[in-house]
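Have a look at this one.
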């Protein structure tokens, strides 16, 4: 219904195709510390239903902070100005599942608990069944047995699957992923990315995927947003930005990622391609 | 449950070498004491032959390792020797005094816990806020206050003027017993309070900003349920650890507090025994104190194992 | 068995994003400085008082004015006299000359011993390391003060036994700190040794280890000083420490205890003096700790 604003960078024309409902709208987001140091400056973007947006940047670019601001979990001491409208239910998948899961809570109880909060009035056994079903959907083998596991008993990849199951338990329309694969090793990364892509397509969710790794982002996202020092550098459809980057910084970023991908390709059998999922 | 039970069992087993080491250390340290125990028992005017006989009777002419083994054997059977001064059984005297000291330390720890939780939670709710600064200041004060002085001040400023609490001793009646415990317990509690408040406050703050709390919040857990299930369960483990450490200090606190309030507990007993150079008595006290501390840590480990599922891995 | 096991993961709950947002940094810095200033001022004042005591004390601390027993505050005796007619203020001042150096000594000695042991254990390793660590576990299991009472009992009251008992008990924490750092450096050395043709002398380890551990060591020192000041007084109060007639804040309180009703100041003031000094060290330690976390 609404066109995306074209004012994102002076050079790149970012006219995007019309799609229906905007589910997430960030307008002139500004985050600064108490003594005035800006961490995110004038960030604006929109997300339509079913769209996948990747946000890339180096560490310190403010990408994670921006994502957390959407859900209101940025550090409390930061001053936030600007507008954030999230018209649909959003759930976040965190970077480090070891710290994002409560260590003193069984993973099944956790997911069941989430599910119950979003399905009020349902019984505990219904929640348990739903949790086991979700475990299955995120690719956890033997889901019933895993229900009673403690987080520290699971591998990194499994923990992240639990995290995703928890997010799914809220029946979200928007999935916010904050570097969900960064803490995992390469082979597991590919599995989780494939999982996320499948879920997004199956459930018609919109997704924002934050990462410093362009290759990872490009395997699951259609649109790209590049950030640097808290500012938006460039944004547009993935293929366009990658093929013809408008900004010198974007060019450098691509070059650096390409070099790394080539190095990685030598080391891992998983092939990482741009656009689409391997 | 198997993992946790195994952890506790392992801890229990590791107590054995520790206890043996404690006994050995005690014996070695006390052997440094000047003076001849045999002479002390026999009396200053006894002839040398009698001293030798006494020495033989006490087993003092045995080699060190033999004496050690004998001692361990005695301890295990509950025989801690007899006092030089009174000739009474050491174990008997200790058993008489143990309940008082345990009660004093116990009440002190309980009171400290009761005070710690609200103070730390209030301080952690708004870090760097006025409540937080006040609590932290109080904590620093608490660390600096000498326990024996606080005890004396309590007597001077509370017991003496008001007459509500006995100034010394336990008194005769049940009610005087009870009121005799109040001030000393408070003093003991105050002496161990500060580090507990600091620790719990730090834990709560850390938990407030913890990733899994944030994650849970985004997934819909809010308010009271969040506090209960997520933060408290994770706060218990460090709290148990610091409480156990402080409980150990509480045992020392009872030494000075009992002296100040003239309570017939182990603390005062130890001081008197040390002053009168009563060798076996001092040795007995040390063993019992050490045993108490060891038991305390074991208890703390058990509680931690029950509450925190991660403990299995750490063992 | 050392202190109960704290959950391993408890330390890793911090959000990865937290590093990006420099939170409360300026406020922390200011409060650290305030604490350091307060602590430093207090300690300096005490040190000065101790050094200048012979000149600023109004009277001889050992001189007994038999006619003026248990006087209240007056123009001649600012805080009055004690049970045998000695001027309280002078005794307080002169007691600083005992308490301060002794507290410093009983704090520094374990630090030196512990650091040395830590370096040796970390560097040599093997059975020496294992034995020393076992002993340290054992010592930690003892209620520290009971151990000290035993030592004082065995060795007789007075300064020497205090020194020995503090040292015997206090070295553990320094040894552990230094030992871990040595092990860490050793590991790094193995890596660089390949590059820099084996310069792995103990000298290098010491030169890296000590500066790295210095900050934490000083923080431990300040908290040990707090303990030393109060424990010293406690021991003297119990009769195991500094003996009469040498003035020491703890034994002054003990001496004044029976006369609490008649002359309360005699028990109140020395305790305050102890507390304030301990607070001074505590503030210093806190300020340093805050600074370290910046």
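Letters are used for the chains, namely A, B and C, taken in the order the chains are written, and counting of residues starts over at 1 for each.
Following the convention adopted for this analysis, a contact is a pair of C-beta atoms (placed from the backbone, for glycine too) under 8 Å apart; a residue touches a chain by one contact, two chains touch by 3 or more.
Because the structure is predicted, anything quoted here is derived from the model rather than measured.
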Greatest centre-to-centre gap (Cα means) from chain B is with chain A
Find the two chains joined by the most C-beta pairs in contact, please.
B-C
Once you find the CA centre of chain A and the CA centre of chain C, what distance in Å lies between them?
51
Return the distance between the CA-based centres of chain B and chain C, expressed in whole Å.
21
Of all residues in chain B, which are in touch with two or more distinct other chains?
209-212, 214, 234, 308, 310, 313
For chain A, residues contacting two or more additional chains:
68, 75, 96, 99, 103, 152
Return the residues of chain C touching two or more other chains; collapse runs of consecutive numbers into ranges.
7, 9, 13-16, 18, 24
If we count contacts the way the header does, which residues on chain C are in touch with chain B in the complex?
1, 3-10, 13-16, 18, 24, 27, 134, 137-138, 141-147, 149-156, 226, 230, 233-234, 237-240, 250, 253, 257, 260-261, 264, 267-268, 270-271, 274-279, 281-283, 286
Quick check: in the complex, which residue numbers of chain A touch chain B?
68, 71, 73, 75, 91-92, 94, 96, 99-105, 113-114, 117-118, 150, 152, 163, 166-167, 169-170
In their complex, what parts of chain B are in touch with chain C?
11, 14-15, 18, 21-22, 25-26, 29-34, 127-128, 140-141, 143-150, 152-153, 155-156, 160, 203, 206-207, 209-212, 214, 234, 237-238, 240-241, 244-245, 248-249, 251-252, 255-256, 259, 270-271, 274-275, 277, 282, 285-286, 289-290, 292-294, 297-298, 300-301, 304, 308, 310-311, 313-315
Of all residues in chain B, those that touch chain A in their complex:
209-212, 214-221, 229-230, 233-234, 307-310, 313
